[in-house]
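A, B, C and D label the chains in the order they appear, each numbered from 1.
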Amino acid sequence: MRDSTFKGALSDRTARTFMGVLFGATLLVTLLNQIFPPDSALHVSAYTVTLLGKYLCYALLALALDLVWGYCGILSLGHGAFFALGGYAMGMYLMRQIGDRGVYGNPELPDFMVFLNWQELPWYWHGFDQFWFAALMILLVPGLLAFVFGWLAFRSRVTGVYLSIITQALTYALMLAFFRNELGFGGNNGLTDFKDLLGFSLQSDATRVGLLIATAVALASAFVLCRWITGSKLGRVVLAVRDAESRARFVGYRTEHYKLWVFTVSAILAGLAGALYVPQVGIINPGEFSPLNSIELVVWVAVGGRATLYGAVIGAILVNYGKTVFTGVMPEAWLFALGGLFVAVTVFLPQGIVGLVSQHWERLRKRFVKTGDTDDTPAAQGEHS
Amino acid sequence: MSFSQSMKKLAAGVIASSAIVYSGAVMAADTIKVGVLHSLSGTMAISESTLKDTVLMMIEEQNKKGGVMGKKLEPVVVDPASNWPLFAEKTRELITKEGVDVIFGCWTSVSRKSVLPVVEELNGLLFYPVQYEGEESSKNVFYTGAAPNQQAIPAVDYLINDLGVKRFVLAGTDYVYPRTTNKILEAYLKAKGVAADDIMINYTPFGHSDWQSIVSDIKSFGSQGKKTAVVSTINGDANVPFYKELGNQGVSAEDIPVVAFSVGEEELSGIDTGPLVGHLAAWNYFQSVYNDSNEKFIEQWHAFTGDDKRVTNDPMEATYIGFNMWVKAVEKAKSTDTDKVADAMIGIETPNLTGGMAVMNANHHLSKPVLIGEIQDDGQFAVVWETDGLVKGDAWSDYLPGSKDLISDWTAPVKCGNYNTKTKSCGGAAAE
Amino acid sequence: MGYRFSQTLVAMLVMLLTCVSWAEQALQDTTVPPQTEQGLNSGTDMMDADESNRVVAPPTINEILDQLTSRSFDDKEAAIRQLANQNNPRVIPLLNALMNRELVHNRKDDTIALGEKQDGQWELRDPTTEEVVGHVDSRAARPVVINNRLRTVINNQLALSGLNDPDSDVRYQAAGQLIGNDDPEMLTALGERREQESSQRVLDQIETALNIAALQSDDLTARLNAIDALSGNLHPEVKNSLNSRLSVTDNASETRALEQALKKIDARISTFQTADTVFFGLSLGSVLLLAAIGLAITFGVMGVINMAHGELIMLGAYTTYVVQQLLPNSHEWSLLIAIPAAFLVSALTGILIERFVIRFLYGRPLETLLATFGVSLILQQAVRVIFSPLNRTVITPEWMSGALEINPVFSLTYNRLYIIFFALAVFLALLTLLKRTRLGLQVRAVSQNRTTARALGIRSERVNALTFGLGSGIAGVAGVALAQLTNVGPNLGQSYIIDSFMVVVFGGVGNLWGTLTAAFGLGIANKLLEPMAGAVLAKIIVLIFIILFIQRKPRGLFPQRGRAAEE
Amino acid sequence: MSALDNLRETFRRDQVFDFMRQGTRAVAPGQLDSGAGKNILYLEDITVSFDGFKALNDLTMYIKTGELRCIIGPNGAGKSTMMDVITGKTRPDSGTCFFGQTLDLTRLSETEIATAGIGRKFQKPTVFPEHTAFENLELAMNDAKGTWHSLFTRMSGEQKSWIEETLAQVGLLDDRHKVAGLLSHGQKQWLEIGMVLMQKPQLLLVDEPIAGMTRQEVERTGQLLQSLAGKHSVVVVEHDMEFIRSIASTVTVLHQGSVLAEGTMDQVQNDPKVIEVYLGE
């Protein structure tokens, strides 16, 4: 039985290993990028840095989904929406930072507002020139949406498939809304051509590395947070809700509160991921809301292995790395590969890669190691829907 | 433990990846690398994959002629998969990792917007072959497609002068190109003395498929006595159901002609054009234009694709022009260095496929002829009108309050993408 | 008498004009303003020209036609008018040929001939005698280009001749074409026709046309009669001409009459417009129904979230395309073959999916969601590889194009109409299948309680496969219908999947009537909202409404008890 | 930590939910005015019908404080439905159902009823399969059930030992770290009983406790139930006459949704109506 306090989560072996590897990799890339000159053989290009940064953002997003899906059994097909909202909040801040350096040199209005000749800044854009405000919104907006939506849904006991489908409807509706130019978020073009963040130019390698490190830190802390949550009694209740919701009610838990709590926390994490994503890829547009993205995200988690947290991270990074390689080498094959992955994982590897690995590992260990130490056995997967 | 093992795998993966990524960075010195950045999967693959083939064809032809400055051209094709952030990422990959000297790519405005900061940061060279909304001029980008004044405005002139149109429906998909174009047209029409209530503006989402209400609105709008026409900036997929609905509700080209800016031979190849005969499109090129260079180009294309049904279209011509200009510029500059080529580009002339010459202006936009064609039942256009001489591409529209004072001139002394003629200053990011 | 004279006059003028224009071929550039003034001043010097050219012999048909080689549309128009004025049996066929791009310009000897494409060659025939005059390769000749203006001219000419056609439909069309046309020649023709016209509807058209013309007459009573006759007439021309008359008249009584007539017209129009909206709603509903009904089976009855449903629809659409390719010259009825074909293709695909993927996932709907989503990606990409990412052309058969015109403002487009009926037919067929047949019984049994059903000796394996096949097959059939409305391309499926799910969930899973109600309900709601909110907002509002509705009634409009409901 | 406290205050879910509940109030365990001798549960003319079929038909029944009541009846007599009504899973079409003097169960949610002090063991043992026996009991433990509390709470010594006791009581001490899903059917039954006990309920509803148990297990279960009576009120639904006789107590016979007979085992067994019904089967 793990120590269920925050300090416990921080010091537990899994978290330590995780952070070790994560920071190790980040540090390595950072050094290779910063120390060696571009022409040296050991130099790591800014391309790789941002790529890694992007992966880590996805990993954080996957982590968020794993929390609701893996542990609480809520398959949200709308997490892309929270991600995108966080992204837009950050994007709006970055837009305001451009100031009069836009092509029209208008100090007040972003370019897209100028050529659609808007007269003044819409009210909901105010405040986004302050970083603290933007930062607050990054967490608040997705959190609030998740809270309201979840409150409605869980209170009236919308579960399983129905929930998945209305979450999908949610992100779909948001996508349509953000495509509208009247909404004042740049329509299809979204927000782009960012200049700098907190005064650091987004064009410089140093900033990129900084963002990478920031992402790594965010991911690590999110991981610890999730370990803490899942390790605490709350985590056990949530698991109980997943496996036998009505029982949980009969022993006196307001299961809807627990679902809502986890859903909201997860949405906030997703928003954070989005916020870190935008400055690194340099654009946010309604495409991020597309239901397809949200479903793809689910597969990252499934591939890695549900309800293990690190499984989600591994899945996200592997799938996206695969995507990068494939779309470069044989674009036509990518969708086949992805589709195949969906089918294969759901049918043959319900526990994902981590499950597979750990099974083999267990077998090996049984053969060699004498002492049976039961730490970190990933929570076995049940068929819950 | 199982976990820590898998984490080690991950670490290995990350390092491996960075290794692979960087290994690509070794450049082959004896070839000139040409990046091709068109979506081969996803929603835009429909249009963009054609342009990829066009570039590859041009490269092949060029290499047959012995390449450029004695070096062979080596295409580097990547797939941004119709995913806008991926466009930026792939651009970075092409320039830093693959070390390409020029990129031909992008279709949608958003993809260009996403790529723009990267090419400017890395001082790359991008040729953008699609008609677009203007309001942009980057030192690192050459726009070989039509600007609004090379498509929209002449088309409207034709409607007014030749067809005596008095009422206009500006129908478009809700994104930046139609929005801007319609803003410009609205201003232009009003300047021409068209009353505000003789202009109807309508926006629909991407891939809109249920046009019943809108077409019937257009019908009733058009039955007010004055000759009415639709100016359509409806994008790609939405067109088929739109035209089908027009046909079914009996809106013939004689009653209410539709002039489209995003419907070319490629799009028509997906439509049964029988009911559409007589509707119009404005481009700088039509496959049906009869002259030897075009005939030759079409033959090449059919040979290259091994399909003599494959059509050619305006963005292909734009690619063709852009590519030839780049080749000329490189040979003129005797270098593939971006700045040298960019300077050499300005003033370069190459033949276009409509029997004239294309000229690259100081604002990185082309001078082209504007053609208006009527859809024929064989899926081709018959040219019914043509500007005499070339129209100079205008980066900043004179009809938008935001940009009427802006000009773009990349030659000394101005050297600015958005030079404000009022304040005599180069305002904004594009400046050097 | 004078009529004939003026005719020959025009002929000669035109000849002269063309001589001039040929002489000035060099100056002849195709830009419009110069052209029009060209037209004008040639018009002026025509006046004195005809004095001198009286003696020139009337030109032959071929000579007139050869003027069509000019690039200027004014020349062409002149030539066409001249041609039309020849009273010669060849005129109508030639005008038709011009409309159908069968008149080609032979670049070799710069003449016009009847041309027919035959394996990359033009077979050229003489316009008058129709005998073959030779072959040239496809580049050497081009169809004569005409534009909208010329089409209108030709149509009017054809209409004029159509007025005396034995077929009353042709006369009806012809008269309709001439409404609002104030060319005296046309009006006299109409007047002559009125005397001998037998069919009432044609007569009405002619009356309308003549009354509109009468609005311009100087005789007040004539005008008043015309107004009276026209009041309540829905033809758009009527409204316009009344309005324009209203703007010029200064006569009180006439003004009153005009206003009344217009009020009456507007009242009728508004009623018909609401009818229109409802029809649009129904039609949208029928599309939703077709798309969703298959899902209602696989999702509702079997509890399988089939994300590949959209792609099954897509397969159906592509099947339609393939069938049309296989039967190139029978588009009229190839649809009837496409329907069963599409059903089979999609059904088989569905069964394969069930056998190889879904079978392992029963009772885990969320897993089926993921797996089938993977399948959908594969199917999409497969289609891209096989048929290329480009959209495919599906030709609409004659009997499905056009509209059933109830009156000028209210007409029901045939394809929509058929699709509404088709959707209902499919729905009823499915209903009877489930209620009446043995398979249906078994399906319902399995859906209620798998284990019991098995205990009763129902081979649920088989039933599952068949049910899924059925649902998929219907998706395919839907594809055939959608191919008539929208793109046949790899993304066809995606655009419908979410809507279909909304419909099924909103209607209540596993309840076909629910699906029906939901489909038409949402369809009509959408269309009622569209005019005030715009297409996008309407859709968003509907989506949000559904989301909130699901909160209130998590099981949809018509909740269903049974296994699917317990998930 | 103070910042966190504020955060906690602002995010209090239960606070948000309070105003949503129509006139019902959460009830902390123990605050229930039902002195000994008085009845603890009042079911009066309860009727429940599922589209036409009446599962309960004017059922009226009282449970005394601390008594051990057995309920028998043929299948479809409405035994489980009755339990559903008491635990708030099913809402009656008509009739009242009071817990103690004040609590109208028909207006409370499952959760509120559970916290009010009614524990239920289902017919089909439902435990948390992914949790160990220990954790199952921990989750069931009578303790604050709010989200933030469960996030920060740590188990106190006595709580641990209490769980251990209960584990011993239901004979699962050795398997305390076994995942519940892997326990035998009988063990699950006990685990569930254990969970009900951890709730410190005043009223236990036990649905077919001995299904799939061996002789010895059955005996121990019997003893367990008897030991519970007195401190708690216990309602047992069972088919097994032997078992019921062995835990000798008042028996209520349900038939077609209403009470057919009530009394000691012997009285009931000699009741002609009852015999008729049972032979009727």
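In the analysis below, contacts are C-beta pairs under 8 Å (C-beta built on N, C-alpha and C of every residue); 3 or more make two chains touch, one makes a residue touch a chain.
A quick note: this is a predicted structure, and the numbers were derived from the prediction, not measured.
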| item | value |
| --- | --- |
| Farthest chain relative to chain D (centres taken as mean CA coordinates) | B |
| Contact-richer chain pair [A-D vs B-C] | B-C |
| Mean-CA-position distance for chain D and chain C (Å) | 68 |
| Distance from chain D to chain A - Cα centre to Cα centre, in angstrom | 42 |
| Distance from chain C to chain B - Cα centre to Cα centre, in angstrom | 29 |
| Distance between chain centroids, defined by C-alpha means - chain A, chain C (Å) | 46 |
| Junction residues of chain C - those touching two or more other chains | 381, 384, 536, 539 |
| Numbers and ranges of chain A residues touching at least 2 other chains | 155, 176, 179-180, 332, 335 |
| Every chain pair meeting the contact rule | A-B, A-C, A-D, B-C |
| In the complex, chain C residues that touch chain B | 29-33, 36, 73, 101, 139, 142-143, 145, 147-149, 151-152, 155, 236, 239-241, 243-244, 273, 276-277, 280, 283-284, 287, 381, 384, 389-396, 401-403, 405, 409, 411, 413-416, 484-489, 491, 495, 527, 530-531, 534-536, 539 |
| Residues of chain C that touch chain A when the two form their complex | 303, 305, 307, 357, 360-361, 363-367, 369-371, 373-378, 380-382, 384-385, 494, 498, 501-502, 505, 536-537, 539-540, 543-544, 546-548, 550-552, 554, 567 |
| Residue ranges of chain B in contact with chain A within the complex | 1-11, 13-15, 17-18, 20-22, 25, 40-41, 78-81, 83-86, 88-89, 92-93, 96-97, 108-110, 113-114, 116-118, 121, 135-136, 174-176, 179-180, 183, 203, 205-206, 400-403, 406, 417-418, 420, 427-430 |
| For the chain A and chain B complex, residues of the former touching the latter | 13-14, 17-18, 20-21, 24-25, 28-29, 32, 41, 43-48, 50-52, 54, 98, 100-106, 112, 114-117, 176, 179-181, 187-190, 192-195, 203, 281-283, 285, 287, 308, 310, 313-314, 317-318, 321, 324-325, 327-328, 331-332, 334-335, 353-354, 357-358, 361-362, 365, 375-378 |
| Contact set on chain D toward chain A in their complex | 11, 13-14, 16-17, 20, 87, 89, 109-111, 114-115, 119-120, 122, 126-131, 134-135, 138-140, 142, 145-147, 150-155, 179, 181, 195, 198-199 |
